[in-house]
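Next, two complexes with chain A in common: one pairs it with chain B, the other with chain C.
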Partner chain A sequence: MMRRNFEYSTVDLSGFGTGFRFQTVAMRSQSDTYFSLITSPFFALLYMAIMEYSGRTDLNTHAVIAPMLMTLWTAALSFSGEMISENRENGRLELLLAAPASFPMLVFGRLCACMLLSLPSFGMSYMTAGLVFDYWMPIHHPGVFVGALVLTALATAAAATALASAFVLTLGARIVQNTLSFPVYLLGGIIVPVSMFPGWLEAISRLVYLSWSADLLRASTTPEPVANAVMGFSMLSLLGLSALAFGLLSIVWFLRRAKELGTLSKE
Partner chain B sequence: MTAIETQRLTRSYTVKGKPDHVALDKIDLSIPRGEVHSLLGPNGAGKTTLCRILSTVLLPTSGTAKVLGHDVATEPQQVKRSLGVVFGGDRGLYNRLTSKQNLDFWASMYGLGRAERRDRVGRLLDRVGLAERADEPVQSFSRGMKQRLHLARGLVSSPAVLLLDEPTVGMDPVSARDFRDLVRELRSDGHTVLMTTHDMPEAADLSDRVSFIDNGALALTENPDVIGEIVSSKERIDVRALPPELRQEVIRVPGVSTVTEIEHGLFRVEAEHKEAVRGVLMLAIEAGVTDIARSRPSLEEVYLHLIGRRGMNVAP
Partner chain C sequence: MLHPVQAARTVTQGVVVSVADFRSFYTWRTWSGAWLVRIVCQVAFYSLIGNMVGDSDYVIYVIIGAAMMACVAETLMTSASSTWDRTLGTLPLLVGAPVEPGFFYFGRSLMWPLSATVTTSVAILTLSLFFDLTWSPAQIALLVLLVLITSLSTYCLALVVGALAMIFPGARNVISSLVTILATCFCGAMVPVEFWPPAIQWAAQAVPVTHGLEAIRGIEGGTRAADILMSTSWTVITGALWFALSLFLFRRNFSAARKGTSLLT
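What follows is the complex of A and B.
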């Protein structure tokens, strides 16, 4: 059998744009969209209530930011789970691969569009805290806030791309989805800052890009200058890029094998 | 330049616990540009496997396949750009999106820019008669409409070469007729079409040449007139419960060649021309026998016929 490396330049921006546009259209008619969003105001209520009644209003920013990060991660898990398998079951995967656009970039583009959900999610959690508890979260460093949000969304889409291929290779997509939700919230320091963890656990959590995101986002809401901003942005980019490279390459590898074995379509 | 060329193309599948299954066995096929070529064969013959290899989604086990001179295994990008693919039935559509959104997506997968997409999608929807349903979700479509949309999907990149894998399976007669018109149009526009089917009259009607495939082996490539001749030269009808006296009368009708009992109580009458068929029908109806059906030779029969004849041709 003839051997070759890559079929398309993996970084094909037309595949990315196609996927991004497609997903923004498709999400409007997909129930997963609303499922990922619905939890946001409820978590905001829950966390705000905990902070208010325990007298830790200094942690209110956590309560507002956490639901948005949770929406991002829930969306990543739920959309990446079906990204490849739904196409395979429908017999569409072969047709997608028979087209010139890069399939891995199509997947990444679609998942990036899913991350747009973070905007309404943030809006809802911000409004919930404001309207119910009269806490209107200030943003003292909007540049850092927006930069961290965009990089976090990209890194989450990258992680989801890596998951998308993991989901086709393992049978239990649901199991992976369930085991990867709360541990990641915890290790990502979404609710409790990782600096409050014991040293060894903090070290592990530093490998989870979300821990850097959460720190940057929270730091942008305080009047003090943002400490370690350069470090934070660098780590976020580095971890995101690694996830993306891993994700794209593993999809290419999966497709390559499927073409050899004849397993692209499920009969 | 040939549009499609395969040399000793072989593909086997490995299924756990079973010996390797050879789905294509050293296929040599050459289809010149502009030809409409039908690939006829029973289920499991290897037709879809060949289409998959040509469309780069399955790798050959050995041998080569080229589309417009580009090797499917080593130059898949070039192959993909010149190829449109329609794989059986209504696969490839997103049910919750409208027909316009579906075509727009696929046009974008083939690298068309925004203005080009709008133009192409509009014209294609028109061409397959779905312009009025452009903004309705595909899930509300009938099977026939989905199939037409699927054809439009395959044409979205104006491909030089079009692969159609059993495009008319389950199509209603009206859609099937429109489909034939569409293939004729494509042919006159200079597209090359490779179409798989097990409908012989369709193949005979549309194609420049026809190939037969069975058990992964390409048996022979013929002019469709040969098949057309076989399909239409013999008229035959199946009659149930034909009483013995009537059977004698039927045999005496001029032009009737044989009357055989093909299963208990079911008789097959073979005739040379339509006049003879009419005579038989009159007799049967007068005698009160009404369980009558017209039948066509099956693919296997034509196949055997052709193989048999070739056998005779090569005999000294």
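What follows is the complex of A and C.
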């Protein structure tokens, strides 16, 4: 029975679309949406100002791309915090589990929808750099750019799914939400490429999917052919899939434990 | 109503709540192992940017600027904690109490600027080790004192933000992160205030951290004591003005609540 339940919950994709559609509507009135987006043009302004002031306008692409990655990660932290616990507190968890759709995929679908915020974030960052500093970032390899953006969004949603399960299982969401921002921006090399880090730090950073995303996105803006594109996409996919597997399985584990203990409706 | 003894008693009552909240928010382990690490990473993040784009002087400039902005961010958690009474349902009791609300709220979130003083000082000193920035014991003492003064002055600005967040509790984090990023952009943290157009330069003078940063940079760079004292004075003066505004806004919030607005629901 347990085994059937496990397979049903993880493989069934039916919850994904429902979660995605639900979240695209729900997030319009959620403060987390605006919290994730509001800083994007200002971070672009700040980073562009740093490049301009220090005479390193050759690094402008770093300044335009970083705010979008920051929005993605902020959204992951913000939305995952109460993604499961709010259903539990409002008494919806039992109903969702009784529905003929996979709950873990519903969560993943909702978090994927949150990643749509990367588009207005990039738009604001791009426009800020263009309008204030007259820097209109070229994209010489649009295929690589779009591919890297889509995979980064999926990997972030996967990481957020893992966070959502971690929050409901053991950790205090608020502290983790407040804590995990800058350490991940740092290790993700979102503005300073991790190849510039000392060897030991680069090795750790390569385990953070954002380091591959940032490299691919930046490389897509230069006229030269994108070096190590296959490696970058492979690592991004591998790390994203690992996070997704961990997230889905730990949600299944949480649900199983909550059913056994009769604590589905308890905080 | 503004009797000093009563005001001090009101602040003290606020501090009791503040300490209790802080203890429920953090344990020693989560504060030092998670929050402090996060702040150090935040400063490291910016110092690596400084290292990528500029010389060693610019890295030092960025370390101090980034650390002070972490201080602003932590102090602005006041925006959230000023709404907690509304969320918890204890606001009606406060509204009914015969106290000056601004003084209560001055005590209510005092844990943030005090915690920020420690985290910011530790972040500056830790990153200094990695980038050959040395401080004499006297400089360290002055540094911590100036960080404290800047935190408390910024806290007065944060109380104004908190009074607004009390009216719009759903926007508490949006407002505080907006104020933080505006300060980071325009108050001389990463690029000098003079980089921006004159109107922005003037607006930045109203923000305590603009002057606090100047004073701390003066300590590091060996500026004349009179100049440091002048910047410190401006930090305190701007902080005091923001505090006066916060007293007015909290009083107005409570007055509106007593008249039966939605603040108590």
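Just so we're on the same page, the second predicted complex is superposed on the first by the 258 of 267 C-alpha atoms of A that agree within 3 Å, B and C clash if a C-alpha of one lies under 4 Å from a C-alpha of the other, contacts with A are read in each partner's own complex, and residues count from 1 in each chain.
The rule we apply is simple: a contact is a pair of C-beta atoms (placed from the backbone, for glycine too) under 8 Å apart; a residue touches a chain by one contact, two chains touch by 3 or more.
Here the structure is a predicted model, which means the values were calculated and not measured.
The superposed arrangement places chain B and chain C next to each other on chain A without a clash. In the overlay built on the shared chain, the residue A:F42 is in contact with chain C alone; chain B does not reach it. By the touch criterion defined above, A:S195 reaches neither chain B nor chain C. Of the two partner chains, neither chain B nor chain C is touched by A:N228. Of the two partner chains placed around the shared chain by superposition, chain C is the only one that A:Y34 touches, whereas chain B remains out of contact.
Using the contact criterion defined above for the overlaid structures, shared-chain residue A:F182 touches chain C, although it does not reach chain B. In the superposed pair of complexes, A:L95 makes contact with chain B only, with no contact to chain C. In the superposition on chain A, A:K259 makes contact with chain B only, not with chain C.
Figure legend note: chain B and chain C, brought together by superposition on chain A, show a least Cα distance of 13 Å.
Common to the chain B and chain C interfaces on chain A is no residue.
For chain C in complex with chain A, the residues that touch the partner chain are 25-26, 30, 34-35, 37-39, 41-42, 44-45, 48-54, 58, 170-171, 173-174, 177-178, 181-182, 184-185, 190-192, 195.
Across the complex, chain B is touched by residues 1-2, 4, 7-8, 14-15, 17-18, 21-22, 25-26, 29-30, 90-92, 94-101, 106, 259-262, 264 of chain A.
In the complex of the two chains, the chain A residues touching chain C come out as 31, 34-35, 38-39, 42-43, 45-47, 49-54, 56, 59, 172, 174-176, 178-183, 185-186, 191-192, 196-197. Within the complex, the chain B residues that touch chain A are 11, 13-14, 52, 55-62, 73-74, 76-77, 80-81, 83, 85, 87-88, 91-92, 94, 96-97, 101, 105-106, 108-111, 137.
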